[in-house]
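A short worksheet on the structure shown next.
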Amino acid sequence: MITLLEARNIGKRFGGLQALSDVSLTIRKGEVYGLIGPNGAGKTTFFNVLTGAYTPDGGEFVFNGAPLPSGKPHLVVAQGIARTFQNIRLFRELSALENVMAGHHIRTTANVWGILTQNKHTVEEERLTTERAYELLKYVGIERFATATAKNLSYGDQRRLEIARALATEPQLLALDEPAAGMNATETVQLKNLIEQIRGDGITVLLIEHDVKLVMGLCDRVAVLDFGRKIAEDVPAEVQKNDAVIGAYLGGGQKNAH
Amino acid sequence: MHTNPISPLLQLSAMKVAYGGIQAVKGIDLELYRGELVSLIGANGAGKTTTLNAIAGSLKIADGEIHYEGEKVHVLPAHKRLRRGIALVPEGRGIFTRLTVEENLRMGAYTRNDKAAIEQDLERVYTMLPRVKERLAQIAGTLSGGEQQMVAIGRALLSRPKLLLLDEPSMGLAPLVVEKIFEVVQSVAKEGVTILLVEQNANLALEFSQRAYVMESGKITLTGSGAELLTNPKVRAAYLGEAA
Amino acid sequence: MNELALAVPWLGKRNPLAARWLVIAIAIGAPIVAMMFGRTWVRVLDFALLYILLALGLNLVVGFAGLLDLGYIAFYAVGAYTAAFLASPHFDVHLPIWIVLPLAACFAATAGITLGFPVLRLRGDYLAIVTLGFGEIVRIFMNNLNYPINITNGPQGINSLDPIMLFGWDLSRNIQVTEDLAINSLFLYYYFFLACVVGSIIFIQRLQISRVGRAWAAMRDDELAAKAIGINTRNMKLLAFSLGATFGGVSGVLFGTFQGFVSPESFSLMESIAVLTMVVFGGMGNVAGAIVGAIILSALPEILRHLAVPVQNALFGHVLLDPEVLRMLLLSLAMILMMLLRPSGLIPANAKYSHIRYLKAKGVTE
Amino acid sequence: MEIFLQQIVNGLVVGSVYALVALGYTMVYGILGLINFAHGDLVMVGALTALQTMMFLMGVAPGMSPIAMLTLSLLVAIPVCMLLAFTMERLAYRPLRNAPRLAPLITAIGVSFLLQTLAMIIWGRNYHTFPQLISTTPLQPIEGVFITPIQITIIIVSALMMAGLVLLVTKTKLGRAMRATAENHRVAALMGVDTNMIIALTFVLGAALAAVAGVMFASNYGIAHYGMGFMPGLKAFTAAVLGGIGNLGGAMLGGIVLGLVESFGAGYIEHLTFGFLNSSYQDIFAFMILGLVLIFKPTGLLGERVSDRA
Amino acid sequence: MKQTVVALAIMGIGLSVAQAQEMVVKLGSVAPLTGTISHLGKDNENGARLAVEDANAKGITIGGKKVKFELMGEDDQADPRTGTTVAQRLVDAGVKGVVGHLNSGTTIPASRIYNQAGVPMISPSATNPTLTRQGYKAVFRTIANDVQQGGVLGKFIVGPLAAKTVAIIDDRTSYGQGLADETEKAVKAGGGKIVAREFTTDKATDFNAILTKIRGAKPDVIFFGGMDAQGGPMLRQLKQLGVEAKFVTGDGGCSPEMIKLAGDSIGANAYCSMAGLPLEKMPGGTEFRNRYKARFNADVQIYSPYAYDAATAMIKAMQAANSTEPAKYLPELKKSSFPGVTGTVAFDDLGDIKDGAITMYQFKAGTWAAM
């Protein structure tokens, strides 16, 4: 298996809180990699460091064999990493279609002069962007809301739209931050199918999720964070049996319901 | 006011809450009797926090009713519900980070004017939470998570609540600290304060609770005594994804 | 144009095509109707068009890119002074408008970037106060750069700017068509300004429906998410500042040459606030809003000026309040009430950032 | 040397007034995130109301002592401004609390125009002479450094008012509630705080400070006019941002710094720039300093990192 | 034309129907009636109004018809753009002459419109020399321009006041700066030394910083080019800073308002200049002051006598030409020569007031006394 992303000893501190300490993990091309852990374990911080929203205090990421620029989100996206947010962050006033089109920004090149003159390249690129965005809406199953304003979509559809927008950046690695949060059972099943479809299309997925059932059913491998440290990394079946994980999750550690 | 001891202290009937176009709570019924410690457990996003916020008055309900001491309280603003004895320790603790620890605690007594009694209550909180006492003059934002949680609980107690709503007091805390906090919660319960506890740490919550409700996707799907639920395979399934 | 047509009350939604023709008819016919009431009204329309240009440019910065700029009038000043330097007896340079206009646009754009760079990290209200300061700094420099070297002629201003010459036509002179019929210079300016406005609308709508417009809107709605999808927010902000400034600069040139006189008094903070008010009043983030806001707020004071005395006479039999007092009173009340009743402005933003026509084949319609 | 000291005195006097007005801006901003553009005009209303009261008092009780007259006129001006601020908040700002961000700003500008116009109707266009009830005969504590009793009063009264406000905000229950509300409306309400009341109170307190500032400003310069609030308002706002808007200490520091910068700027810029710049640039020092501070410290001198306010 | 009348009626303009044999002649008056110098603006308007009312009271007949003059007062907000709009409005309304504007900055762009329409314009207060050097035939002023006034002021400072060292302050308005520059030139020409050149604005109230700096330069005379609203407080602050230099200002500060605003800080070391002869010395000067007070319940500020003379000049020219048509009475206006409230009103070729006699005043016994 080819390694796509390697995190090497990532550390991040906020004031007195060590949010991440010495986290290393390896994500292989084509897999769905789960990152779980209780609230406040550092999962989202890991995301933010990976995608350039924060600069890590220590360690580095190697993506496709080259180090990732830190603190420059747009360069990270250019390298092929896209993300979604735990608390959905759409462009609220844009339509669903336009949200996805905005996601395609980094793969397009029209400049102000071209836009002003509407030259052939610009027009063609715009047409392709529109069509491609529509295809992506279709891909996540919300093409019927293409012209609806993002803020008016239902919660589940907003989640899908965010994924479509991330896919529009043409990523090799798609990082999803709790995509199932707030979804009901049916929506969660649909989401699972969608993620599988994405993997099927050759995109590696990094998944933070609370819904352990979803993670266990979907992921090829899972890492567990607790207090900013990686306490386990393995295939789901093994992780589920891991005492440290059970302790971290069900709480107390001393009480074991087995 | 003399109320019938058998009637519930708090009663939610068909309560619905929606915000930002999402219906987060889809019509739930829940009862709480005086002196009980009841927990509300469920996965992230199930609607637990929303429920607590609706009871405390931070969120408007879309439909249904909230009765408290036999009175419809869902029409009242949050600050009036506090005056009637409903206190919420919000998720993420809601500490005033720019105020000192003591100021935070005194904010809890904002609605009270009985100075002497407030001082007494402060002393009681200090004995209950000795670590807080050491840091009275410190800016609350510089406290550790556990200490902040202690302050948040202490602050809520200073309003002399009849009903205390606790939203994930263990979130992001080390096991030892969580243990401490639950000791505090228990001692509060022993003093006769009715507690509704929202918790992810299901084992812990169920161990301490007399009863519990399990929420899933905005609905209550299970209810029973703490011990019953602790051994219920469905609960484990909800958390660890084991086949039910 | 579509947005504007849709904004036409009643008709807009029922028959957009008719509404569009109506808008065109109004744009072309307005000065002729106005002339029946007197040349003042044509002049008011001329200025309204200049304000539309300004409002369109500011809307680009505030409405599209979400950057609150309270010093926008500085770019207007840059444009006007460029015209004064390059086409007046002041330095005895007399360049034609075709050279002055692009140069002014360049200077203004440069000024925009100069302002943009240091304020990139600022957000919201901090940005507002720093841009306000920038506007004042520019005005104060214009007011004082007559010493030690006389560049701007200080508070005296620069007089006798060259009129606009279009293909040998002098816009400042009436055209004598026949013995009795002359086309007033105000009309010539009107149509020239109108052409500039139409050109700007086309440009802005092209920008709006492009990767740039979407990037701005994305940045405005959620800067963090915009970064997360790979938008270089720094460059996009600078682009917004410089393009917005360009509009300011161009309208400054038009203003200077139209007035024939430029002095720092015209570029006070109140003007910046006036233009911002137009944008917000009309409805931020959409072209139609900026246009309607600019028309209403630049014409309203004149209408009030006109009606103050007769209306009071009719109502009370005598003049209770001086017309200028009444005008200020009504204007301030209009601002307050408008915001209370329609906080999103007269025409709430309904901007489009994509062409649905590309999806016609897929059966997608509005 | 005495010129240097004199400039410090000049700067302190102006700075004290800026600081007092800046407090009002910063308090309202801290609690609502609103730039209350009309705050400067409250300064004007304060001064003109006091003037009106003095005129009335001079008519009915010509022999009254100046201090009593000043006090009485303040006792009228302060409540008038407070009431005005309360009305303003209730009618113009509260309905817009959840409106798009710029709507309240435009409303505030409208309110500012409205106040000026009403003042013009009531008090006319003329500049009014403001009775200088406190002596303006200069004292010379140091040879060549002049300071008048009214200037001393301004510095002392400003210092006292600021100290009073700081005490109120830091030491009292009400102040705690204000700070708590500023930090988090929702949680403050959970503590039983009537946040609407606290917000109204913040406006009202700021208005009281503005009224006092107006009376002192007018007494110092002996002049009052319906447009007098605009420039001090703008400067005070700049001072508030300079210090870190939303922060009381910042507003005071910003006010004083701005006063001193203007004073020294006008006094020394010509030498510093070899005659290229001169005192005609006095008004831009404020903005240049502001720009520089914000470039290096985007939250102002004492400001904290504010979270995303979208 | 019919539509126009209907339209005008709709817009609320009641076309005043003249009584038989009575002809209504409109004159315009423009000045800022809102904003920081609106008190001066209203003063100008009042001056013109008084002239019009006087003429109506006299019952003037022109071309065989009894004439009723009407004054259209407009607000130009001291804003150049509004100035042109208002100018156009007056032209549209068919005014036969305009008294205004107040500021040079608004007067210059507006003068172009009056000139195009052939409507005579007389500014009672715009002093920028440029105004009358644009080659416009119908543009006049009844006030001395900066060069005229500055020359006199400069000579006065180095002559009678015998100043060796002078500090000059201006308010960075077109008026203040123009006057200060001309005064500076004249002082230098007279052998005086400029020891400080300082600046403020027309919105400022605190001048301590620049006055402190000036104090350090120890000038014999401080000259201020600006208006009374700044001049008054400036005098107070000079006293508070212990500066004892003489204080000289131009007509912008030569007002009762200045005395009021300076309170007890004004003394015999304060001087100002004003074009024309002192009101007291003019036949009808004191009378003007009293009548103004009686009519408007306000004191004369600065320029209302000039506005009065401007309006009177137009009316007299119309009488002389026996026509109210601008084209006909313009030549008579050029030839004007009559004793006005401010002195003899006569214009030179450019349209400036001829031999603008400029009187220096000193503060004495609570008022400005001519020297």
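Here the chain labels run A, B, C, D and E in written order, and each chain numbers its own residues starting at 1.
Basically, a residue touches a chain if its C-beta (ideal position, glycine included) is under 8 Å from a C-beta of that chain, and two chains touch if they have at least 3 such contacts.
Quantities reported herein were computed from a predicted structural model and do not represent experimental measurements.
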Identify the chains in contact with chain D as well as chain E, in label order.
C
Could you grab the centroid distance between chain B and chain D? Build each centroid from C-alpha atoms only and quote it in angstrom.
43
Using Cα averages as centroids, what's the distance between chain B and chain C in whole Å?
55
Separation of chain A from chain B, taking each centre as the mean of its C-alpha atoms, in whole Å
32
Find the geometric centre of each of chain A and chain E from their Cα atoms only, then give the gap between the two centres in Å, rounded to an integer.
73
Where in chain E do residues touch two or more of the other chains?
33-34, 172, 199
Touching at least 2 other chains, the residues of chain D are 120, 278, 280, 283
Taking each residue of chain C in turn, which ones touch at least two of the other chains?
143-144, 222, 224, 325, 328
For each chain, which other chains does it touch, given as pairs?
A-B, A-C, B-D, C-D, C-E, D-E
Provide the residue numbers of chain A that touch chain C in the complex, in ascending order.
51-53, 73-74, 77-78, 82-83, 85, 89-95, 97-98, 101-106, 108, 110, 112, 115-116, 118, 122, 125-127, 129-131, 133-134, 143, 146-147, 165-166, 168-169
Flag every residue of chain B that touches chain D in the complex, lowest number first.
56-58, 77-79, 82-83, 87-88, 90, 94, 96-99, 103, 106-108, 110-111, 155, 159
Chain C residues touching chain E - in the complex, by the definition given at the top
36-40, 43-44, 47, 143-144, 146, 154-157, 159-160, 255, 259-261, 263, 265-266, 302, 305-307, 310-311, 313-314, 322-325, 327-328
Where on chain C is chain A touching in the complex?
203, 206-207, 209-212, 214-215, 217-218, 220-222, 224-233, 239, 243, 285, 349, 351-356, 358-359, 362, 364-366
For the complex, which residues does chain D have touching chain E?
3, 6-7, 9-11, 13-14, 120, 124-127, 129, 132, 136, 138, 140, 146, 148, 151, 217, 221-223, 225, 227-228, 230-231, 262-267, 278-280, 282-283
